[in-house]
Amino acid sequence: MSKRDKQYSKRMEDLQLELAGLNRWLQRSGKRLAVIFEGRDAAGKGGTIKRIIESMDTRGYRVAALGKPDEVETKQWYFQRYVAHLPAAGELVLFDRSWYNRAVVEPLMGFCTKPQYEAFLAAVPAFEKLLTDDGIILLKYWLTVDQKEQEERFADRANDPLKRWKLSPVDLASRAKYAELGRLRDIMIERTHTSSAPWFLVDFNDQKRGRINLIQHLLEQVPRHEELIPPVKLKRLKGKPKRENVSDKALWVPNTFVE
Amino acid sequence: MSKRDKQYSKRMEDLQLELAGLNRWLQRSGKRLAVIFEGRDAAGKGGTIKRIIESMDTRGYRVAALGKPDEVETKQWYFQRYVAHLPAAGELVLFDRSWYNRAVVEPLMGFCTKPQYEAFLAAVPAFEKLLTDDGIILLKYWLTVDQKEQEERFADRANDPLKRWKLSPVDLASRAKYAELGRLRDIMIERTHTSSAPWFLVDFNDQKRGRINLIQHLLEQVPRHEELIPPVKLKRLKGKPKRENVSDKALWVPNTFVE
Amino acid sequence: MSKRDKQYSKRMEDLQLELAGLNRWLQRSGKRLAVIFEGRDAAGKGGTIKRIIESMDTRGYRVAALGKPDEVETKQWYFQRYVAHLPAAGELVLFDRSWYNRAVVEPLMGFCTKPQYEAFLAAVPAFEKLLTDDGIILLKYWLTVDQKEQEERFADRANDPLKRWKLSPVDLASRAKYAELGRLRDIMIERTHTSSAPWFLVDFNDQKRGRINLIQHLLEQVPRHEELIPPVKLKRLKGKPKRENVSDKALWVPNTFVE
Amino acid sequence: MSKRDKQYSKRMEDLQLELAGLNRWLQRSGKRLAVIFEGRDAAGKGGTIKRIIESMDTRGYRVAALGKPDEVETKQWYFQRYVAHLPAAGELVLFDRSWYNRAVVEPLMGFCTKPQYEAFLAAVPAFEKLLTDDGIILLKYWLTVDQKEQEERFADRANDPLKRWKLSPVDLASRAKYAELGRLRDIMIERTHTSSAPWFLVDFNDQKRGRINLIQHLLEQVPRHEELIPPVKLKRLKGKPKRENVSDKALWVPNTFVE
C-alpha cells in the first residue's frame, strides 16, 4: 500500500467515525438530512455513497436511486415519486441522482420537452424552499470529472466484464455531448442554487481526494456530530465455549476453497 | 497481501463474474430466485450478501432486511410482509434474515408465544411449497459459527466504535443462550427442510472460506450462468478532451486531502 | 313504495344494525374477516357490497376491487397482490372479485394458459388453508343469475347512459359463453370448497331477496354481533345558536336549485 | 315523494350524467382534477362525495379520506402523505378533508403547535401553486352549516344507532367552539384563496340544495363534459336462455326474505 493510500484509508476511517456521529445526532435531534449527488456518468457518485454508508448503522440511512418512472409515475406530478423518499425525522437520505434528471440528462437526451424543462427550472426553487422551510437540511453536490479522465473510466468499464453493466446506452450516447452537458449544468446551478439549498462542486478527477473532500465538507454543514455509541462491556460467559453441532450432517456445503 | 488472501481475491473475482452471469440468466429466462440467509449473530450474513452484490448490476437484485414489524404488520398474516418482497420474474432477492425469525430468534427471546411458534413450523412447508410450485427457486443457507469465534467477533465489535452499532441488545442477550439456539436450529431444519426448499449449512468459522463455499454452492443450484455482457466498443471521440469548466467558481469545495 | 319494498327496507335496516355490531365485534376481538364475492357479470356483487358498507363506520372495512394486474404484478407470485389486501386484526375486507378470476373469467376468456389454470386450482386450497389456519375467517359467496334475468340487466345497462360504463368488453364477450362459465364455476366449487373456506350460493335473480339472504347468512357465520355503540348524550350548549358568517362573501356559489 | 324531492332527483340525475361526461373528458384529455371538501362536522361532505361518485365508473375517481397520520407520517414533511394521493393524468381525486386539517381542526383542538400552524399557512400557497403550475386543476369547497342545523344533525346521529359512529370525540369537543372555528375558517380563506386554487362557499343548511349547487358549480369549472359513452348494441343470443344450474345443491343459502 502506497503512503498516499495509507493516508487515504486513515482519513476515511476518521471521517466514517464522524459520519456515525452525524447519524446519531440525526436520530437524537430528529433532524432530517437529504443529500443529492449529481454529476456526469462515472464521476464517482455511487462510490462516494458506498463509502458514506460503509460503516453506518443500516437503520440510519436510505439510498434513493430511482430508475426510470413507470407508467403511472409518468402521469403524476413530476416531484411526486421523489417526495415519497424524503427523509422522516432522524433520517439521512442519499439521492443517487434526483429530480435534477430533468435539468441535465433529460434535456440532453431529449427525454423531456422544452416546456417541461423550463417548468422544472421554474418550479425547483419553490419546491426546495417548501422542504427547507419545513426543516429538512438539503445539500446538493455536483461531482466534476474532466473528459480525459471520464474516457479512461469508460474504457476501464468497457474492458472489465464485471463493470460493463455500468455502461448504459445513455452513457454511451452522452459521450459526444460533453460540452453541451456542461452548459446545462451551468444553467441548472444558476437557476437552482439558493442559500437554503445550495450547490457545491467537488473535483472528482481524483476519486479518493474527491471522496475525502466531499465527506469532510458534508460533515461541516451540520452542527456537530461527535457523539459515539458508548463502549459496550461484554459480560464474561460461563463454561467452555460451545461448538455449532448441527444434527443433520448431510446438509453441509462442501469446502472448495483449497488453500 | 498474504498468499491466502490473494487466492481468496482471485476466487471471489471469478465467482462474481459467474454471479453476473447468473443475473443475466435470470433476466433473460424470467426465473425468480430467493435466497435466505440465516445464522447466529456475527456469523457473516451481511458480509456475504455484500460480496454477492458487490459487482452486480444494481437493477439485478434486491436485499430484503426487514426490521421489527410495525403496528399494522403485527396485526397481519405473519407471512404478509415477507410476501411483498418476493422476487418477480427475472429478479434475485437476498433475504438477510427472513420469516425464520419465528423459528429461532423469536422463541429464543420470548418474542412470540408457543402456539405462534408451533403454528409457524406447521405452516412453513405449505407456504414455501406454494412459492416453489409457482416456479420460485428458494434456497436457504444457515451460516454456522462456533461460540469461541463468535465471542471474538463480539469483542471486536465492542472495541471498534465503527462496528459497535452492530451489537444489538438482542445479540447481547442471546450470548448466554448459545446451546438453546442450537436446539431451535435443529428443530427448524428438521421441520422445514424439504426437497423443493432445502436448507444448506455453511461453516463460517473462517469468513473468507465460508463466503467462497456458499457462493460456489449457490451458483451450482441454478442451471447455467456463463452469459456475460458482450464487450462494448467505444467509438473514438473527435476533438481534444474537454475540461469541466463550471461558471460559478465560488461553489468549489476546498481540498483538505493534503498529500 | 310497495309493501314488499317496505319489508325490504325494514329488513335491510335491521341487518345493517347487526352489521355495525359485527364490525364492533371484529374491532374488539381483533378477529379478521375476508368475504369473497364472485358471480356472473351483473349478478349483483357491487350492489350487495354497497349495502353492506352503507351504514358502516368507514374505518371498519375495506373493499378490494383489484383491476387488471400491472406490468410488475404479472411477473409476481399470482397471489401476491391479493395478499397485500388481506384483513389485519379487527378488519373486514370485502373482495369484489378475487383470486378466483383465474378459475372462471381468465380461462373463459383465454387470459391464462391451461397450466396456469390447473396450477391455480391445485394451489388454492393450500393457500386458503394457510390463511384460515392463521385465524382469518374466509367466506366465499357465488351470486347466481339466470341468463334471462342477466340479459335484461345487460339491456338496461345498454340503454342507460349512466350505467353503460358497466358493460365491459369482457361482459359482452362472455354473454355467448353462459353455459361454459357454468361448467368452470362447478369445477371451481368442486376443487376449492373446503370446510374452513366454504362456498355458498345465493340466488340473485331477485336482487333484493338475494341481498337480504346473503347478509343474513353472513351474519350467522360469525359468533355474535349485537354490540352497539352506547348511546351518546349531547351536552346542552350555552347561548344562542350561531350562524356561519363567512367574511369573504364573494366566494359563495350561486343557488341554481329553483324550487 | 314530494314535488321538491322529485325535482331534486331529476336534477341530480342530470348532473350525474354530466359528471360521467366530466370523467370521460378527464380520461381522454389526460387532465388531472383534485377537489377538496372542507367544512364543519356534519356539514355534508361525505354525502356529497357519495352522490358525485354514485354513477361514476369506479375506475374514474379516487376518494382520499386520510385518517390520523401514523407514527412514520408524523415525522415526515407535512404534505408528504397527501402528495401520494394527488391525481395522475386522467384522474379525479376527491379529498374528504385534506391538508387543511392544519388550518382549522388541528389548531382548534390543539393538535398542532402555533409555529406549525403559521408555517402551514405560509407554505400552502406555494405548495398549491406547484401543483397548479404543473397542470393540476385544484378546487376547494367549504360547506357551511349554521349551528342550529348542525345541532339537529348531531342529535339525529346521537339517536340513530346506525349513525352514532359518525359522532367522534373531536366532533363532540368542537361543538362548543363553533365561533372559534369560524374565525379559523376566515383566516384560512384569507391566506389561501388564490386565483389558481380558489375557495368556494356552499350553503349546506339544506343538504339537497347544497349538493345540487356544488356539483353544478364544479361542472362549470372545467371546459366541457358532454361526451357520453356511445350506445351499446347487444347482439341477439342464439338458443333458449339458460338457467344457473349449480352441481353442488348443498351450498345454497336459505331464503329468509318472507314476502
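Letters A, B, C and D name the chains as they come in the text, with residue numbers starting at 1 for each one.
Note that in this section a residue touches a chain if its C-beta (ideal position, glycine included) is under 8 Å from a C-beta of that chain, and two chains touch if they have at least 3 such contacts.
Nothing here was measured: the structure is a model prediction, and the numbers come from that model.
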| note | Of A-D and B-D, the pair with more C-beta contacts is A-D
| query | With chain centres set to the mean of the C-alpha atoms, which chain is at the far end from chain D? | reply | B
| query | Over half shared or under half: which fits the residue numbers at the contact of copies chain B and chain C, same or different? | reply | same
| Centroid distance [mean C-alpha coordinates] between chain B and chain A, Å | 22
| message | So the centre of each chain is just the mean of its C-alpha atoms; given that, what is the distance between chain A and chain D in Å? | response | 41
| request: Return the distance between the CA-based centres of chain B and chain D, expressed in whole Å. | output: 46
| Residues of chain B whose C-beta touches two or more other chains | 72
| request: Give every residue of chain B touching chain D within the complex, in rising order. | output: 70-72
| Sites on chain D touched by chain C in the complex | 4, 7-8, 11, 13, 16-17, 20, 40, 46, 55, 57-60, 65, 67, 141-142, 144-148, 151, 154-155, 157-158, 161-167, 172, 175-176, 178-179, 182, 185-186, 189-190, 193, 198-203, 208-209, 212-214, 216-217, 228-229, 231-235, 237-238, 241-248, 251-257, 259
| note | Counting only contacts in the complex, chain C reaches chain B at residues 30, 72, 75-80, 83-84, 86, 88-91, 119, 122-123, 126-127, 129-131, 133-134, 136
